[in-house]
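Given below, in the form of structure tokens, are the structures.
Okay, so chain A shows up in both of these, paired with chain B first and chain C after.
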Partner chain A sequence: MLDGRAAVRRRINARLWLSGGWLALLAIVALLAPWLAPKDPLAQDLFAARLPPFWMAGAEPGFWLGTDSLGRDVLSRIMHGARIALAVALVAGIATCLIGSALGLVAGFMRGWADRIISRLVDIWMAFPPVLFAILLIAVLGTGLHSIIIAIVVIDWTRFCRVVRAEALNQSAMDYVASAKVAGRTRLSIMVREILPNVLPTIVALVTLEMGIAVIVEAILSFVNLSISTDAPTWGGMIAEGRISIHQAWWVLVFPLVTLFLTVLSFSQFGEGLKDHFDPVLR
Partner chain B sequence: MLSGSLSVLLLRIVLGRLATMAITLFGVAVIVFVVIRVVPGNPVAMMLPPGATEADIARLNALYGLDKSIPEQFVIWLGGVVQGDFGTSISTRQPVLDLVLGRLPATLELSIFALVLAVIIGGVMALTGTRFRGTRTEGAVDVANGVGLSVPDFLWGLVFILLFGVLWPIFHISGRISPALDLPFVTQFYVFESIVRLRFDLWWDLLTHMFMPALALAIPLAAIISQLLKQSLKETMHLDYVVLARTKGYGENRVIVGEALRNAVLPTLTLIGVQFTFLIGGTVIIERLFSYEGLGNMAIDAVINRDLPLIQGIVIVFALIFTVVNLIVDMLYAVLNPRLRHA
Partner chain C sequence: MAGNGSATNAPGHLPLYQVRGLKVALPDLAAKPLFGPPPRIDILTGLDFDIEQGTALGIVGGSGSGKSTLGRALLRLIEPTGGTIRFAGTDITHLDETGLRPLRKRFHMIFQDPMSSLNPRRRVGAIIADPLHLHGFDRVRERVGEALDHVGLGRAFAARYPHELSGGQRQRVGIARAIALEPEFILADEIVSGLDVSSQAQVLNLLERLVAELGLTLAFISHDLSVIRRLCSEVMVLHRGQIVEHAPVGEVFAEPRAAYTRQLLDAIPLPDPDQPGW
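Take a look at the complex of A and B:
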């Protein structure tokens, strides 16, 4: 039994290290992009359009991963794109978490009319196709980083709300909550001091998942050309461009796609790893 | 086939659901209606030529009822919807209902094909993982589930475009059907109609167009099905009746498929219902990615063109589909769950 747990723990640790490593690397690149990027991500050079990556015939030195149809350096654009992706992930992920968890906690612990209103809102939200909702909101709010973040929060708070509400309901039925009530503690104090710490591991795992989702939503919005500006170096925008010139210059699609794939996978694996890490049975 | 008590139960589920469905749909309608009317920029002014006068704009505004207050517009719109009139699209000047009904079959066929793929892939993976539990094969199934769950349909779509559209071009990567083909169809349910008309050449062409978008939609759901079904199967394997089947000398395959599967499938079925609505929501971007002429693709165009009546109509139809799917799942659950059936 003990050996089995050790093996599971090793696997969890490997997962945490691999996904965490990629995310840390990405964070460093994002922070230092202006210094690390070999070229200006916006600089166009029609004489250097659609240059292949460095190992292929016809590559030019300095353009490691090739250039797009306007002659912009793919590597530099991916590096600068990481800034936008991670900014959206962090801010939208945390804001979504705070709002959704607070509502879920109130609904699950307070019950009554608060729960009824919040749960009804969640039902209504679940009846919206999320991507369409996001595009609609961007059309209303206008493009830009703020709009993307607001749109993600408005759409995805229900994810936290549903999970935290269910957890809070479970916890509220436990003896320690009953004894806290007997001890005469206020409801707010029980909610924040007793229930919240027990729900926290779930929230932490969910927040990293949400960050991965935020990165995807940003990519989808820039894919349909509704993200920041058409010129800004976003992964989704690069992918949209690459989708068009896929038969002439596959590298414009492949490199941002691989980056996005690894990033989304890492966020979710990191979240899963954290959840298992906090799991009292495995600890 | 249905016993009396079961039909009463189903009726009670439908009636109970209808009230919440109505509230949900009303809420969706209000939100969409208000949200899209806050959009800066007059949608009508965009469709007139640059030389249009103020009077022209005002006349068109009046034509689409956009000169009235938002609550007034909502009441007028709701009155129309109740009679089956969803208004007129601003960008195409056709009735919204016709446009939506023209595209809905394409989206439904894609979603159902994706669901079938997800059930097949997920089911096979769960059964394989259970049959070879404790081996490397089970480990491989677990890893595949993990990756399938982590990566959303949009990314799978891009990966497939790259792999099977470009590197090894065996499938079509855009459209619903090859434009050169002569279409005899009278309905929009192309796949269904091609089978009825025994036109298997068209049927094959449709399938090769649908396969990649459907697979992209199917993978996350397949991973969820595989994970949950495998877990339920493993729990069922320890139950007395399964152990009994084994002591009777049944082979492992027969024990899993013939005995354990029947009881393990119920929780998965409920989950498929909820997840199927997520899959349908995913068609919006997947249709865009594969230039598939469905409802979702039309929705994105409608937003870009600020076609308010069309956006409203599409969102309401999606919300209606979601709530109906949930209703069907509730009813299926009642039919299949022995505890509820004999209650």
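Take a look at the complex of A and C:
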């Protein structure tokens, strides 16, 4: 029999390595930012404002990616911004995943009144415009890192819930579930031992996607100044500042934007790669 | 095993399964009105039959005749809407899962689709061991190995995943899982219909041998009378949720009483050497 699995796996590995590499680099930078960053991300120097990146004429040594209109080092701010972005991605992504998946699994497998309540709740939730909902929540909770995380969890659990419910519904119809019932497993143990492992690849792909989305939401909220203090180095806040001075200093906008783009792309690709990698059937 | 012929004649003996007036109705979701519960369709409309210990009962019928529903009711995967099912004297008609649990090691099932009936994320060994663990059997590893030997796969298969096996091999795993528990009764629901002809023959040979060796009571659901003729000692013909004929295999094939059975027999596409002209 022709075995095409080796060929498939090689392609997956490239994707997994590239995205995983970028995320690992980002994680190291975030962890070691206080030591790795060449400058203090908050230090202003109005005499060194709007310095261009190192390869352009007029660049100053030490300011690799230039400075913003207040003379703060762009590279250092991106590195410190990675701390906030990754913290939000990890905490919000995992919390969203746990809450949404648990509800989706119960709704999809148990059916009945549990499914009706959870599904109606999801329908109601989805009728709210997400960004407005987030702004509303921040207004109520106050700004700060924990508010952003809570807002993301409260808004985005429905994404997990819907997908996991559909997948659990699908798996519940399979004969291996009937077979476990014939063997005498309880419903709870069928859900955890038989259904969950089959839904897990979907959850893994979704959780990394969600981490990417959390990074974007954090950037959006800092862009509209609803994240943490305007002084703090967030990617969204940097993009907002860069937008103002786009004609004089494009680098203030472009570098955080590229970092954001690569990070979100890496998260989603990493999830897809993991899903394929851990799927023994390789469908 | 308890399946011996002498019990049949003993006074006060009990058939393994005693089914009286069995009715199953399922909700018809396609015809559900906007408000209120959906109407119910009667799948089985009052079946009476016994399954004696040690028999191999073939259940045959067309698509939609209710044969799979009957099988699932016998194993209490669905709850009947009327009548009674007694297994070894115990009324299991409306028993809840907790009450059914001790009985679940005494009857087991082999499923139609061997791909979907094996959890794709578990190894073959774990799949077969699962019911054994659940019912507190000892020497689980050893029993799994014996079951694999019994179905002719060999112990090395325990480390494989279902998708690495062929259709026939998967169906053997399904059989191994069922016999590992040493149950008294096994329901085989269309277990060869998804296999190619040579795998079909192998699986049927295997089942035939196991029934003889282990003294199993078997209910074999099929739409193919020629398969049943080979494997079973009794035939029950279902048509639209009713039993139209229930007799020893020889009788049904020699002189079918019901018109529907005659139609089924005529539909067997095998060449008949007694009938010249083809």
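Methods note: the second predicted complex is superposed on the first by the 269 of 283 C-alpha atoms of A that agree within 3 Å, B and C clash if a C-alpha of one lies under 4 Å from a C-alpha of the other, contacts with A are read in each partner's own complex, and residues count from 1 in each chain.
Assume contacts are C-beta pairs under 8 Å (C-beta built on N, C-alpha and C of every residue); 3 or more make two chains touch, one makes a residue touch a chain.
Everything numeric in this text was worked out from a predicted model, so none of it was measured.
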item	value
Three-chain arrangement built on chain A, chain B and chain C clash or fit	fit
Which superposed partner A:Val224 touches (first chain B, second chain C, both, neither)	first
Touching partner for A:Leu136 - first (chain B), second (chain C), both, neither	first
Comparison of chain B and chain C by chain A residues contacted	B
Chain B versus chain C as contact partner of A:Pro197, first or second or both or neither	second
Chain C, chain A and chain B - angle at the middle CA centre, rounded to the nearest 10 degrees	90
Which superposed partner A:Ala180 touches (first chain B, second chain C, both, neither)	second
Touching partner for A:Val91 - first (chain B), second (chain C), both, neither	neither
First, second, both or neither for A:Gly212, with chain B first and chain C second	first
First (chain B), second (chain C), both or neither touched by A:Ala127	first
Chain B versus chain C - smallest C-alpha distance in the overlay, whole Å	8
Contact residues common to both interfaces of chain A (with chain B and with chain C)	none
Of chain B, residues touching chain A in the complex	20, 23-25, 27-28, 31-32, 35-36, 38-40, 146-147, 149-152, 154-155, 158-159, 161-162, 165-166, 277, 280-285, 288-289, 296, 299-300, 303-304, 306, 311, 314-315, 318-319, 322-323
Of chain C, residues touching chain A in the complex	72, 75, 77, 97, 100-101, 104-105, 107-109, 111-113, 116-122, 130-131, 134-135, 161, 163, 177
Of all residues in chain A, those that touch chain C in their complex	174-176, 178-187, 194, 197-198, 280-281
Partner chain B, residues of chain A touching it in the complex	120-121, 123-124, 126-132, 135-137, 139-140, 142, 212-213, 216, 219-220, 223-224, 239, 243, 246-247, 250, 253-254, 257, 260-261, 264-265, 268-269, 272
